[in-house]
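Sharing a structure here in structure tokens format.
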């Protein structure tokens, strides 16, 4: 790969992170009327970003996946000893690729499917800014840098929901006045995540002061695995980190922002939210919370496992009660992320690997589900499953992909979703030695029951939405089946779902060594 | 003599001034009360100067500055009161509650 | 106790009484006059404390200029010149008394605790020295204070000036 | 690629076994080909002359031929080999796919290949003109592929994958006519019931994999036959869990409820999946894991046996009261699966598989025959059939062969396999189970005869004019009836026991009883049960003149009612599991979410806002007003109202300020 | 010598510009920036003048630069404002420059008298300017409230100063501090009382609870640019004075004072934020927000008072001040821009305005979310350094203040996001008349872009500003 050597020493990753942002700024300067130009630039930059990330992946030395590679460390805020320190290892690489890839698809989808009020300029630049935040979080190796990128996603998503979101007015329990869904959802999303991250920042600072005044994640990991952080201090720090990440994941009972945000967000917003934003939280656990505070991770693991198990069951049961298609899918994310967290909480290489593939798979599958459901909501102008039905007849292509994705989402073996669920259960059965086996096995059983419930609500959803005869109100209407833009955005995800399902080495090949090294370092096993 | 009576008198004058600004309705009267307060500070400075036998006369100089500033404040205060009066036909500060909430 | 001490106590008593009158009298003109009285008493006190120059400034600036300004202000705002029961905000009185008394209490408590030295009465003037110090060590604040005055002057005039065109426009 | 442990293990005592050479190495073709074909059918099928059916047919024919070749090779030389492809590592575990070529899998390949080929041929005609014809063949092909993934799996992981894929295909096929809600509900029911059972399989696999540190079946078996300690501790648990999985697919009581409902799918589907292949997956699993069960988890086998027996009797009884022809066959299938499981549970490995083998052919035959009938009369209800033997002679005769084979009369296939099971039960001394099994054989003969009589004899009770089906449908029937006759001959005690050698490649691993010659007790009781059943049914139904009235004679009300309601299982499931979950729990959680969690969150927001209100209005803006009013209320009550209006804010601000100073001073001077 | 010339230049500039139009003032304030830069570049050691009462060190230079820049931006903000309503331009600019001069003096003042004069010089022009909208009764009212409280606060400061003088007989801070230590009076009641009185007086300027009550009314009444100046420069002046006093005079009498400040800071955040939640008038909202921000800026100094680790505290406060200045000016600019189009005191009348004025909409997003502390906008770093200094010692007060700060950051987000929400997401209010004045005059454009760039740069490369903060934090050792 010598021909790409100019992308060494962090340049490639830097491009991956900042190219979208630069393009976004560039787009700001283009007059609003040049819509096509804006779209093309956006797409171009997203594709270039994706290609560069592919090149980075090619350069990545998979035999040494446990090591952080292709990074750099440049002084950033010298007065607080914070650096522009980036790099990727086997854990972050798949997520980075996922992020750049989904962004491209989201932009392709947006070409013809801008929600009201159109404004391509705004939407495109928000997507690009969002991409920078997401990519940045996955490559950042400095707590402060991580924090900045982690938070960078808030604003674009807030506006995406708030401006392009669902405009129906609904009543909200506890509030006297009815409120537009998008407004409620956007502020809820924002406040929740900010609440978590404000405390997370305090935790970062705590680490900084106890850890020789460094924000560098690798250095802190070194310190943490050597037992530098102990006692009440560590408990507090882990608590706030947990809060910060758990809100994002989201773990029960901090999940309540998610159904609202997903339901209200425009299609692309839900896709990006589900596919990547949620991963920031779980990635944070794997990258920061576990290795830096291993002792605390062990102490907290049972609690996390229980919460995950509750999340799985809770999310699935909540799904069964939904009438709103997107809300159902949103709640399904609670359940699926529960599996991811269950895997992480086992603190074994199996569990964490499961979490990694679970993240990627959930990103792909739920992303696709939101694509499809968003598109359907757009076509039918309703998300009420009671009114839908016979979708397979009305929109065969969309329906087929919906069915496929639902199957993938329920963890069908041979498709991507299977590995995360199965392996998470596998990990939870035998957690790290020293953890309370009863709790974990109970959680595993709960998770296993969750798989049945998952199958239940997804099939039920399919039955209500896809199958049966179309309702009268749709029969004479002209409904548009998936067009080419949509198919171009969706088919790659379908293919990826199958590929990862059949050949999980695509993910495990990268993550396994890194995860083993992480577990060995942090927990000695 | 002891410095204490002087200081207590100054403190008393200060409190009287405070009472004045809290009770008076007419803005001009409030300004008068403020002068009392400033004057009490002057007494403090001069008395301390005398007590310390400060050869640099810091206290006296300070009080001269205070007097000057006080004069300026009065000027400003009156200007504002005048402006208020123009607009409201009253100088009672307790009637200015447009921005209660 | 020396005579001058008795005089000083008397002076201080006078100071306080006139001060109280300033804030309690129901006649605006009386208030201004009592202020003059207070300031005059203060000036005498300053002379006793060997601060002749300060006393002089006090008399010149306050009694000469400021009081006139006050009276002017009283006139121009057409405050009732006779006794006026509405001059005070009765509602505030209780609290005002409490507040001022507690401030007085705190101050006195601390002052009595801290300061118990004596002061030398009437040692002699030091005006020349004062002038020298003022124009050497304190020349910078001296310059600055001129800005304060200038600002007050300019701003005061601008604000107080009657500005027909503007007023009419805004008051519609 | 070849696991040496396993080769040795397979060949222990039989060194002459070969690795199968090229033909074994390319077995992956038959696994992969269906998936490719499915892809092509989906996207290109519409443009082909036969709408994609030819691709599907070609594929299964290839499978048939290939598996025949394998079978021949195996029968002559003996093959034992397995192949692995690493698809990722996770922790210290290798995730592997692959294919195993040994007697058991070859037998299954052959069953799948044969039955599929015939059903496919049949379906091209049967489904002619039906909706989603092409997609139907996609699903069928996918199913064949999934089944092959399942049976070819050398690792538990691949087994699980194939297992669930089979479930999905069954979902697709049962729900083929998804316009009607009952059909999609039946599909869902099948899927969910299987999924519930899969929890057992999944956890079982997890338990086994974690204690043996491998996912390879052969290694697990090796460890279980070589007294490894780790696996011993979990053997019982693992065995039971795996069996729970098997119960789902192989429709064992009480998880059998999905199978009768699955008859909502087109009949070829029922023939292929719910008779011959998919439902045998559970038995196949037990067979595949048999050395483990026998070596480690013999207590678990007792559980297996118990459920097998319950199923064979329970389902048989329900079959008696069914009016729907396909449902009779469905319950019969459940009952026969009970036999297979009983065999496995009693340790009769070969017998169980042998019954699987024979049953696949004659049950497929019966289903296809039923399909032929239904195709002709457009109803499933036997009360609207009758007298069809004249109109549909070929269907009739083949159906009779199937019935006789099922009833267990010599020399047809069912006789030999059932006999081997009974012999094994007898030999093991499971007397009660033996009696029940014989009773089961009697019931089997009874309800099958009842079905035949109601369908083909008497007067035609339906509308229209039924006529014999097309050749494309009858030829498979004829071929299958051939199999139904001869399939049993591959394992005649004392005469030819080829089948035993085929499937028992693990010479030392499986210790089981093989009758040197016929077990006379078993043979006689089995045979007479069959005869007696047929006779009784004939007596009840045919002699009564009007076939339908036969039911009235044997109707013992309470029992009948229980049977008609299928032991109230569905009722219980819905009342106590599904409804609570779907309605009560889900609604509760949802309302918890909106009314408690969300309300709490919103409440925090509202509280903050209220706090803001209080701070701003009452403290920041109005605080002193209130205090002042309080203080002056006693002294000046009349004027207080006026004064409130006149309250000057400025002086209040000043007061704030000073009070602040005083308070702070006092705190600092007195407290700190 | 360059330093002396610079001071004289500082001194002379305003006088020269008396009665000269805006342009000259603006240029003048820019020109004044130049010597500051030179001085900073050639800085070697602190320059001490007038027997220690006037010191030029990095701290003062940095803050002088800040004040000049802020005033420059205020000028730009004022141009259209003053012109449009035919206000007295010359006087207006002169008064602003006088106030600037006062602020500049405060940064360098190291004795009681100079500081007092500096504070007075900085605030008296503001009393006048806040009443500059002569015909507007709200402006009048705000002005008189501001004035009366201002004078009272000045009196309190003076009384406090007099006590300090009485105890030590000195005016220069270092002398006072030495004398206090020598005579062991650091913790004596009189020192504390003087500290409290001075704190209260300065507390008025920085508008911390309970000395904040004037702020909303005055902000609402005053001309918008003046309000911006008040909330930024005037407040910063107070903070500079507070920082100097705490770290130069009372640095060893901290414990009790620090605890009081901790409480004040916490209460200030809560009162400011919770009250801001209730506001519909954007200016009042910003007023309360600036009260809350004052709590944030105060927090590091409070904890520094307890732990006597002033370096971190000053660093955090100064960095916060610098970043806060630009984003707050920007916020006022946004309100100015929006008000130009729809003249309303109720921000809910601005629904959907950003569609018409996208640039203003983007400004609103950037500045308000920066105030809320959302990365990558500058505000996050300001908050971050505050948190950092709060947690630096592990002190329980610092920790609790950190948690209070975190909670408040969340509360604040709600109202900061509200304006963006209204102008971007709400639908236009039918009953409101728009002036259709969507054009942004170039001076305002400059303000917008300068603040925008500084806000974003300070968020992305906080190193630049944090270096300034760090440099300034060393001053108290010198």
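In order of appearance the chains are A, B, C, D and E, and numbering begins at 1 in each one.
Note that contacts are C-beta pairs under 8 Å (C-beta built on N, C-alpha and C of every residue); 3 or more make two chains touch, one makes a residue touch a chain.
Since the structure is predicted, the reported quantities are computational estimates derived from the model, not experimental observations.
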item: Chain hops separating chain B from chain A, counting only touching neighbours; value: 2
item: By mean Cα position, the chain sitting nearest the middle; value: A
item: Chain of greatest Cα-centre distance to chain B; value: D
item: Chain pair whose interface holds the most contacting C-beta pairs; value: B-C
item: Chain of greatest Cα-centre distance to chain C; value: D
item: Distance between chain centroids, defined by C-alpha means - chain C, chain D (Å); value: 100
item: Between chain C and chain A, distance of the C-alpha-averaged centres to the nearest whole Å; value: 70
item: Whole-Å gap separating chain B and chain C, where each centre is the average of the chain's CA atoms; value: 5
item: Mean-CA-position distance for chain D and chain A (Å); value: 34
item: Shared-contact residues (touching 2 or more other chains) in chain B; value: 14, 17-18, 21-23, 25, 27, 47, 51, 61, 65, 69, 72-73, 76, 79-81, 83, 86-87, 93-94, 96-97, 99
item: Per-residue overlap in chain C, given as positions that touch at least 2 other chains; value: 89, 92, 95-96, 99, 103, 106-107, 110-111, 115, 137-138, 141, 145, 148, 151-152, 155-156, 159, 167, 171
item: Touching two or more other chains - residue numbers and ranges from chain E; value: 113, 117, 120, 124, 127-128, 131, 134-135, 144-145, 148, 152, 166, 189, 193, 217, 414
item: Touch relationships between chains, expressed as pairs; value: A-D, A-E, B-C, B-D, B-E, C-D, C-E, D-E
item: Residue numbers on chain D that touch chain B, as the complex places them; value: 616-617, 621-622, 646-651, 654-655, 658
item: Residues of chain D touching chain C in the complex; value: 624, 627-628, 631-632, 636, 643, 647-648, 651, 655, 658-659, 661-662, 665-666, 669
item: Contact footprint of chain A on chain E as seen in their complex; value: 315, 355, 358, 362, 365, 369, 372, 374-376, 380-381, 384-385, 387-388, 391-392, 394, 402-403, 406-407, 409-410, 413-414, 417, 420-421, 424-425, 459, 461-463, 466-467, 469-470
item: Sites on chain E touched by chain C in the complex; value: 11, 14-15, 49-51, 53-54, 86, 88, 91, 94-95, 98, 101-102, 105, 113-114, 117-118, 120-121, 124-125, 127-129, 131-136, 166-167, 188-190, 193
item: In the complex with chain A, residue positions of chain D that touch it; value: 86-93, 95, 149, 160-165, 168, 171, 175, 178-181, 184-185, 187-188, 191-192, 195-196, 198-199, 202-203, 206-207, 209-210, 581-582, 585-591, 593-595, 597-603, 605-606
